[in-house]
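Same chain, two partners: subunit A is paired with subunit B first, then with subunit C.
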Partner chain A sequence: MLMPIFNILIFPGLLFLFFFSLAAEFFDRKLGARLQNRVGPPWFQPLADFIKLLGKEDIIPEEADNRVFKLMPVFALTSVSCAFFYIPLWGKNALYSFNGDVVVVLYLLTVPILTYFLGGWYSRSVFSMIGAVRSLTQLFAYEVPLFMTILAAALLADTWSLSKMAAFYSAHPGYWVFNILGFVIAQITLLGKLEKVPFDIPEAETEIVAGSFTEYSGRLLALFRLSINIEMVVGISLLAAVFMPWWLDAGPIAGFIIYVLKVAALISLVSLLRSLFARLRLDQMINLCWRVFAPLAFLQVIINLILKGALFK
Partner chain B sequence: MHNTGDVKVPIGPQHPALKEPESFLLTLRGEKITAASVKIGYNHRGIEKACEGRTYIQDLYLIERICGICSHSHSTAFAQAVEEIAGIEIPARAKYIRTIVAELERVHSHLLWLGVAGHEIGFDTLLMYTWRDREVVMDILAQLTGNRVNYGMNTIGGVRRDIKAEQIPQVLKGVDTLEERTKYYIKIAGEEPTLINRLSKVGMLSYEDAIRMGAVGPTARASGVQRDVRKDDPYAAYADIDFKVITHNTCDVYGRTIVRVLELMESFQIIRQLLAKLPEGPISVRAPRKIPVGEAVSRYEAPRGEDLHYVRANGTDKPDRVKVRAPTLANVQAVALMLEDRYLADMPIVVAAIDPCFSCTDRLVSINYVDHNSKNTFEWEKIHRDSIEWYKKRGIDFAKLNKTF
Partner chain C sequence: MGVITKIVNWGRRKSPWVLHFNTGACNACDIEIIAGLTPTYDLERFGVLLKGTPRHADVLLCSGPVTRQIESRLKMIYEQMPEPKFVVAVGTCACTGGVFKGCYNVKAGINTVIPVSAYIPGCPASPKALIDGVTKLLNSLEESPKKK
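Entry: the complex of A and B
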């Protein structure tokens, strides 16, 4: 009875996720800074930011819808945290799993974007509303290729459960190679989900201040920022689970270290891409996603269908 | 937000894209800008008027503070105008030193611009790199003049500090470093796909429009207009120097970027020539305290374009009238044209591409009354009266307060 509660609240649940996401933010910021030839923040900066924001006054615009405005950060945080439990982190089994949890995880990762939209839209400020619309427009562009690549990997494993996928790929070492194209696309489109350069269009500060979050302050902003961090960890863990199914039999401690290394490697990729490119324009981003990534992701689906026919007959 | 009507977005007076208060009111349909209106006047400092109450030497330092970035441009332009009225011919060495500082200033201004442009399109890496390299030229300037900005180099009749022989190798070394880095930026500008995609075909200003709107500096030169005061009307030591006027004919923000990075290369080469040819002799001549009656217009190619100063002297030690036309004023008219039918995302970079310096440009407060649609200039007395009334309504009477103190 106590074990599930410990798992959910402490390890590998909420408390671990909280600190792990702050560490991830630090790693991303520090590496980004070093790539840009800056010094970067000290290790405790994300935690300090979080605590400081918690202590600040919550200002809610008069015209904003009070309830939606307050609820959205909580929704965002809840849904991304829930998604974490269904992803196999180290070892082949997630904390919870059932057939179809791939779809649920993808769905739970989409919810925060909807909360950005609603939170921004009901802030009733011009910048928030433009940011909100941009968030949603962008969602329709990157979501399709991202889903297709992950579902392509699931197709090959012939299961809709992330844990069974992990079991499949570790039973068939080397099969992950077939998903490399999907991995590349998923990594790039994930930047869209995380709203990072070159896809940080919804919060482009030089155009629309902070997009959806313009009117947010204090605790609500802290929750939003935390959910963005957690979303980064969860999204990257999902990619690691699906596309990097290596050394899953290493045992708990070695497995944990391997997991952290995988996450660190993927965050490094995020930081690298972030410092290599300029922000795209919304029309350019949509063109890129629909004309390049979506066909390539579709190609990945076809490849996996053919492979499945050839390998398992 | 498609087909839900137009949205008015206020960019400024306070906005992260703007480093100075200025107002751009954009009307958006979806992501497209359908109309743009530019309103200046948030940063008027009354420098021209203040100049009339100070002596020429005091004015020189006041004028230098018109702009933090092209400070040397303004003080040189002013000094040239005053020297012309007084009939002073400054020594050749002074001319060379003025030109060296001017070109170093151009280098620092263009590097600064490159970083700002990177930031406006979300390419912060470029900002961090160029501003790191800008420190090299800032150090050279600090070494030569004693200051990083507002160099205080000019005086009426010459310059105040000499360049020592042992400083020359250090300057040349810094210039070599900068040249190497600039080559790297030229390579980036030619190769980096997101940069090219974001800048090409953005903020178009055709050759005809550039002429019609009276654009100056890199903004005009990127539209193929051969307009450079250094070549057209050589001042200081530019007549002795061999250099090219960089133009580009893509007429867009990308062209403006290319013009600026290539101008950096020209500036390095100009600085080397100047240092090699630096003539011996005094660095200043004695100028009279009272400037004889007369008037003069002085032109100067600031990093942002042609800077124009008009000075009228009345025989005393204070000018009768000083008029400054900063380059941004010439270019800002073109911005509304460039913004039309563009995306909201292009707005920051289009505005940044003229390298605006709004504080240098601001003139007077002109209020547009919406109710009876008439323009009204605020007189000093009226502002004074209104402010007293405003406080009286709230129960504070300054007339009484003054008596009690």
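Entry: the complex of A and C
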């Protein structure tokens, strides 16, 4: 009885996720700063930001819908934290798993975007409404290639469970090579989900102030920022679990270190892309996703179908 | 001072998010503020981030004398910021009105409209002076937490 509570609240649940996501944000910001030839923030910066926001006044605009405005950050945080339990992190087994959890994880990672939309829409500020509509428009662009690439990997493993996928890919070493195309597409489209720089159109601070979060302040903003950070960690863990199924037999401690290294490598890829590219326009982003990534993701599905026919007769 | 107050104060000192607002400056101070955020001076080492919305900001950086047209907007932006909030007047004009003092279209310094926590003189105030002023303001938090 105590063990699940410990798992959910402390390790690898909320508390671990909290510090891990703050560390991930620090790593991302520091690396971004170093790539821009700056010194960058000190190590405690995300924690200081979080504490400061907790200590600030909550302002709820008069015209905003009080209940939706307050609930949305909590929803975002809950859904991304739940998704974490179904992803195999170190070792081949996730904390909880059932057949079909890969779909559940993908949808749990979509819920935050909907909360950004609803929170922004019910703020009733022009900037946040534009940001909300943009984040939903962007959702329809990147979601399809991202889902297709991850489901293509599941197709090859012939299961809808992430834990069984991890078991399959470690039982067949070398099979991850077939998913490299999918990995590249998933990594790029994940930036759209995280609203990081080439695809940070919904938050574009030079155009629409802060997008959906324009009216948020204090504790609610802190929860939203935390859920964005956790979403980064969870999304990247998902990619690491699906596309980098290496050394999963290493045991708990070595496995944990390998997992952290995988996450660090993927986050540094995110910061690298963030420093390399400028923001795209919304139409460019949608063109790119639908005309380039979606056909390539479809190609990945076809490749995996053919491989499946050829390899498992 | 309780432990929680200390921790929150630490957070406030380490993470001042600024909002830059031109209250009628000639643009020189604005360029210097932007220079402070560039890689050469890199204010992010002190946790300073430039924010676009007053709801996220802790520190309002005002540059220039308050013109009569911008007075009501300055008040509105100040009121939109969540507590605790600080106002920094950047440049001589923002401190006292400078050479524009007494003009028909200009009120004097920022402090004629909203309360100011720190004054950074200079025409224009250099990024070094800006960093110095902001860190002094934040260190003063440690001694007497501003409560309202």
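Note that the second predicted complex is superposed on the first by the 313 of 313 C-alpha atoms of A that agree within 3 Å, B and C clash if a C-alpha of one lies under 4 Å from a C-alpha of the other, contacts with A are read in each partner's own complex, and residues count from 1 in each chain.
We take it that contacts are C-beta pairs under 8 Å (C-beta built on N, C-alpha and C of every residue); 3 or more make two chains touch, one makes a residue touch a chain.
Quick caveat: nothing in here was measured; it's all calculated off a predicted structure.
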Figure out whether A:Val197 sits in contact with subunit B (first) or subunit C (second), or with both, or with neither.
first
Between subunit B and subunit C, whom does A:Pro41 touch in the aligned arrangement: first, second, both, or neither?
second
Contacts of A:Ile180 with subunit B and subunit C, given as first, second, both or neither:
neither
Answer with first, second, both or neither: which of subunit B and subunit C does A:Leu15 touch in the superposed model?
neither
According to the stated criteria, A:Ile59 is in contact with first (subunit B), second (subunit C), both, or neither; which is it?
second
Kindly classify A:Ile51 by the partners it touches after superposition: subunit B alone (first), subunit C alone (second), both, or neither?
second
Answer with first, second, both or neither: which of subunit B and subunit C does A:Val292 touch in the superposed model?
neither
Figure out whether A:Leu221 sits in contact with subunit B (first) or subunit C (second), or with both, or with neither.
second
Could you look at A:Ala254 and tell me whether it touches subunit B, subunit C, both or neither (first, second, both, neither)?
neither
Residues of subunit A that lie at the interface with subunit B and also at the interface with subunit C
36-38, 127, 205-206, 209
Complex interface listing, subunit A residues touching subunit C:
29, 33, 36-42, 44-45, 47-52, 54-59, 127, 205-206, 209-210, 213-218, 221
In their complex, what parts of subunit A are in touch with subunit B?
35-38, 126-127, 129-130, 133, 197-198, 200-201, 204-209, 275-284
Contacting residues of subunit C [partner subunit A, same complex]
7-8, 10-12, 14-15, 39, 42, 44-45, 47, 51-53, 55-56, 58, 80, 82-84
Help me check something: in the complex, which residues belonging to subunit B touch subunit A?
1, 7-10, 15-17, 28, 31, 118-126, 128-129, 132, 192, 194-195, 197-198, 343-348
